[in-house]
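Next come two complexes built around chain A: one with chain B, the other with chain C.
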Partner chain A sequence: MRRTLRPYLLVVPALLLTCGILYPFGLGLYYTLFDFSAAKPQPDLVRWENYRAVFTQDAFWNSAWVTVLYAVGAAGAETVLGVSVALLLHRSSRVGRILEKILILPLMIAPVIAAIIWKLMLQPSVGVVNHLLEPFGLGGVQWTDTPTGALLSSIAVDVWVYTPFVAILALAGLRSLPASPFEAAAVDGAGWWYTFRRLTLPMLWPYVLVAVIFRFMDSLKVFDIIYALTEGGPGDSTVVLQIRAYLEAIRFQRYSFGISYTIVLWAVVYLAATVLVRHLGRIQRKAAEVSG
Partner chain B sequence: MDRHVHDRRRFLALTGALSAAPLLSACGAGFGGGGQSEGDGSAADDVTGAFDWKREKGTTVKALLNKHPYTDALIADLTSFTDKTGIEVTYDVFPEDNYFDKLTVDLSSGRASYDVFMLGAYMVWQYGPPGWLEDLGPWMRNASATAAEWDRADFFPNLLQAGQWSLKAGAPLGRGGQYALPWGWETNVVAYNTEVFRKLGLKPAESFEELRELAGVIKKRAPGAGFDGMYGIAVRGSRSWATIHPGFMTMYARNGLRDFTVEGGKLSPAMNSPRAVAFTEDWAAMVKEGGPPSWTSYTWYQCSSDLGARKAGMLFDADTAAYFQAVEGASPASGKIAFHPGPKGPDGSLATNMWIWSLGMNARSRRKSAGWLFLQWATGKEHLRRAALTHHHIDPVRKSVSQDPAYRNRMRHLPGFLETFETVVDRTRIQFTPQAQFFDATTSWAAALQEIYGGKSARSVLDGLAGDLREKVR
Partner chain C sequence: MRKRLPGWLADAALILYFVFSLFPVAWMAILSLKPANQLFSTYFSFTPTLDAYRTVLGGSEGIPFVRFFGNSLVVSVGAVALSLVVGLPAAYASARWRFKGSEHLMFTLLSFRFAPELTVIIPLFVLYQKLGLFDTYTGMVWVLQLVTLPLVVWIMRSYFADLSPELEQAALLDGYSRTQAFFKVALPLVKPGIAAVSLLAFIFAWNNFVFPLILTSHEAQTVTVGALSFLGGDRPKYHLTAAAALVSVVPPLLLALTIQRYLVRGLSFGAVKS
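Then we have the complex of A and B:
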């Protein structure tokens, strides 16, 4: 009896966790089929009307575009910078060990706090950034007053917070690479660039891609950094899908419509994650071939 | 084996994606979150006999409060309420950024976590139609439930009317149920730095054209006159409903403009009328010529701080935003801030928009009788007089407090404060059209204002806004 029960008991925590995730998801999905709002607490079944309304709204397409720009910009910049930092730290071991500890600091700050700190630093008249740029004749920059400036500033804060995450993952990857292919390349007289291109990068790719998956998915779901920095402005220039969903569901109390936005966002993240995870499998097989 | 790897990856992708929908759990309100389900009668009818402050002795009332100087005055005086009634009050205080989200989620959940709470008149338009707010009218009219000294006639009538509505979109305030009681309010006027005005030989503006010019002059000349980095006028600019209601809506109303027109019970957006477009263009131009850098992130807090830090020559916002910088020792500008009603409209109008911190009751509360005693006490003469004299509960909602010699004596040291208050008090009212989509409309309006400030055509932006809103308020 004990032997037959044990396997089931072992999966109970996982089962509870799964139910805890799936129940609100299922409930949310169910709500989207109604016109549930504060103004209509006894809603009617409208089936797919909320999704039709979402996809026919200009605001949705604007938010979708801003979300993609943000996610690609943030994840791209973080990957390039993170991998570069990891390569630098990997080469100079003593300095690297000290810098590693400093590098982790932004990760210890809650993103919303980081955004508030940056908001103060980017303030044109009293912010420290313009004060530092003043000697170079660049002191009057209005960082978040223009649509492009607001989006780039938001991406910059994201990059500041999360580049260390990518760097640490890439550094861990670099340190776990097998030594023998590099030794063989050195014996054959291969140069640094050749070794990097043909050995380091292909073997490091799986680690980099894991970082990209995490950062890209996270950036698609961004809320805190942008809301604290710009509230979605100026105009609608930084209203990403999560902010739109928050405004619709919480501020404007159109619950079903707001949840429809999150379901659409979920579908986008799921698709992106599926494609990237599939790609990760291929990259892993290639890396295994290179390391021999 | 391959299939297992594939399944594991699919699971990873699925669970990762599921976390994209955090709102799902936040919105777990469930259908039927409406209030007042127990029959049509008011619980006030159950209170009979002679009025007694000790009627609910031993009860505990739970309040949800916003962090505010008015709240500090209330909390400091709670023991006198408990002594008077035998009712304990427990409370949660949230900062304003999260306060209304917390209140909205709590009320929409249909729970009765809080018996009483702070709200603004605009929130009545959102919380009233779903039945989340108790109609306080029957309580006010019941002599067994309400003390004679509470004296309804002592409130400024426009403030009491602000919480009274028939719950019909477009219907004027002052008719229907009383869903909130005035407790503390703010009128929107101009406060200015007397030092810079004296040094540059300036006078407060009497028309909007003068205000625009004045803002530009200060921005241009003040830095050279010893006011390093000073700009002309601080007004809100963030992408929030709160950007529209203070200075902007006040000047908009003084120009005789409306947000919506109502014909045959139907609302039609009016913020794109030719005169409204012209005014909005002028407002954006004023901000460009004399406003703060990074205006699109400006909330009341930055506006108020800039006046206090001698960065802003003028502030067109709530009088309290200037008051808290003007009191002795509060800021570098304290003692150098004066008040003025602000520019008149073309026809001499001083129509002013207001914000009222009101108190309301949860329609689902199980302690309504005790909650009503708390609301009576908190909006009563005794507490409000004490709060005005010993704390910073300024802008009294009661005529008796505003005429109290001790209060007037206390406020006299602020140049122009009492005169300004008296000039606008009767003309200050809610200038918006009551309707449930208020927050959507004003948030979108603030976003439109930012776009116009950014250089887009006011005509096309406001036409787009009106087009969007026409569908939503239909």
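Then we have the complex of A and C:
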């Protein structure tokens, strides 16, 4: 009896804590059925009205579109750049060995601080970026003051912070690949591109995919970087879903409506996670075939 | 392996990336050393001064930055400590025994990692106001579990799973109790893992922004929110912002350099081992 009970006793504290976090989530779900706001502390039941309002609002579809652009742009750029950096570091030249030690740096800086740094750098009056671009005739770029510029700048900050994340995981993957398929390919006289496309990439892909999943889902719920860099502006051009939820719930104090936004986002992230994790399983089996 | 990039070209590409990667931090350091009157007139040539640090750490702008720094320290250490106390037994149990509901608990914890923070924070914002937890250490330590607990449980589970159960069984045969076997055999063997996961969890808690932004106002506010507040107000205080930002990234950067070896497993929640 004691033997079967022991694991349960060990997880009880963690279970209680988990419930403590699930409770506000459940409470939030419940709130979305009412019209709870600072202006209306005694809310009425409105059932699905909040969700209907979310989906019929132009602002929601704008935010959803901006969020997708951001997530695809950031995760895509980080994957390409991160894997490239990992491949270059894997050659382990002297320069590479020194640089690898500081690869982690931007990743350990709080994203909000990273956004502050970049905001200062892109600032038109004291910013150094335009100053450095001036000799090339690109002086007065309005980085965060145009809709496209603001979105691209936010993505650039995300890329600056998180490329090391992809690079570190990809590098670990490269170092754990079995040597024998590569030796066989070298004996057969296979070229670099052929080896890369037929061996390195398929065997490395599971590692890269773990990184891509983390990055894609994290950038769907981006908040810190955009809050500090653009606050969603100019206009509505960088109002991603979590920023919209923040504005509705905290700034305008329409709690129920704001939470409805986060519930929709939560459902999207959950769905994306399920699809991607299933895909990861398939890829892992395939990679095992290539290396085996 | 023919037709590779020539070595120097690859090195040049690497250096280009690292300039992109390091320049912003260097530039921030430069900006923080600028005197206020040369802020707009020059870029690289100026008389360096520590005035900005004096102002930021002296709190003379009405922003008690040193206290925010202390707050960050308290809530991050508190969050990691609570996560370890609660998370280690759970990680051990789920690595050693297959029992009903264990996978559900594990995946619920993992889903916290990917849940949009505001889904939990907005209801907590309302709840904390009622319970008197708004702007308190307790409130912050509690909510930071959303970040630190999944990390501790998932990574430590992978460490415990790598440990051969035979060692503990040998200890049991020697007359140890299960509890003794856990504390005297299993725990010391995963000590490097515990150290690494604690530091990583500390860094993530320290770097968090959205929790203190919404759930604190002045008493329990942390450095991330504090650094941003230098950008507010009527007159831009760019050199002060840079100094505050630099001070707030020192602890995570120093800690990160000490756990390089464990980062791969840590960052991937145990999914990738090196």
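In the analysis below, the second predicted complex is superposed on the first by the 281 of 292 C-alpha atoms of A that agree within 3 Å, B and C clash if a C-alpha of one lies under 4 Å from a C-alpha of the other, contacts with A are read in each partner's own complex, and residues count from 1 in each chain.
To be clear about the criterion, contacts are C-beta pairs under 8 Å (C-beta built on N, C-alpha and C of every residue); 3 or more make two chains touch, one makes a residue touch a chain.
Quantities reported herein were computed from a predicted structural model and do not represent experimental measurements.
Within the superposed three-chain model, A:Arg278 lies in touch with chain B and out of touch with chain C [touch as defined at top]. Contact with chain B, but none with chain C, is seen for A:Gly233 once the two complexes are overlaid on the shared chain. By the document's definition of touching, both partners, chain B and chain C, reach A:Ser125. By the touch criterion stated above, A:Trp193 is placed in contact with chain C alone, chain B being left untouched.
In the superposition on chain A, contact is made by A:Met217 with both chain B and chain C. Residue contacts after overlaying the shared chain place A:Leu169 against chain C, while chain B stays out of touching range.
Between chain B and chain C, C contacts the larger number of chain A residues.
Shared-chain residue A:Tyr51: touches no atom of chain B or chain C.
In the superposed pair of complexes, A:Trp266 makes contact with chain B and with chain C alike. Touch criterion met: A:Ala249 reaches chain B and chain C at once.
In the superposition on the C-alpha atoms of chain A, the part of chain A touched by chain B in one complex and by chain C in the other spans residues 21-22, 24-25, 27-28, 31, 36, 119, 123, 125-126, 217, 220-221, 245-246, 249-250, 255, 258-259, 262-263, 265-266, 269-270, 273.
Chain C contributes residues 1-4, 7, 10-11, 13-15, 17-18, 20-22, 24-25, 27-28, 31, 39-40, 43, 82, 85-87, 89-90, 92-94, 96-97, 99, 102, 105, 108-109, 111-112, 114-127, 142, 145-146, 149, 153, 178, 203, 206-210, 213-214, 224, 227-228, 231, 236, 238, 241-242, 245, 248-249, 252-253, 255-257, 260, 263-264, 267-268, 271-274 to its touches with chain A in the complex.
The residues of chain B lying in touch with chain A in their complex are 5, 9-10, 12-29, 31-34, 101, 104-105, 108, 126-127, 129-131, 229, 238-240, 292-297, 311, 436-437, 439-440, 443, 446-448, 450-451, 453-454, 456. Interface of chain A with chain B (complex): residues 21-22, 24-25, 27-28, 31, 34, 36, 38-39, 41-43, 119, 122-126, 140, 142-147, 150, 213, 217, 220-221, 230-236, 245-247, 249-253, 255, 258-259, 262-263, 265-270, 273-274, 277-278, 280-281. Put simply, chain A touches chain C in their complex at residues 4, 6-8, 10-11, 13-15, 17-18, 20-22, 24-25, 27-28, 31, 36, 81, 84-85, 88-89, 91, 93, 95-96, 99, 101-114, 116-121, 123, 125-126, 128, 131, 160, 163-165, 168-169, 172-173, 175-176, 182, 186, 189, 191-193, 195, 207, 210-211, 214, 217-218, 220-221, 223-224, 227-228, 241-242, 245-246, 249-250, 255, 258-259, 262-263, 265-266, 269-270, 273.
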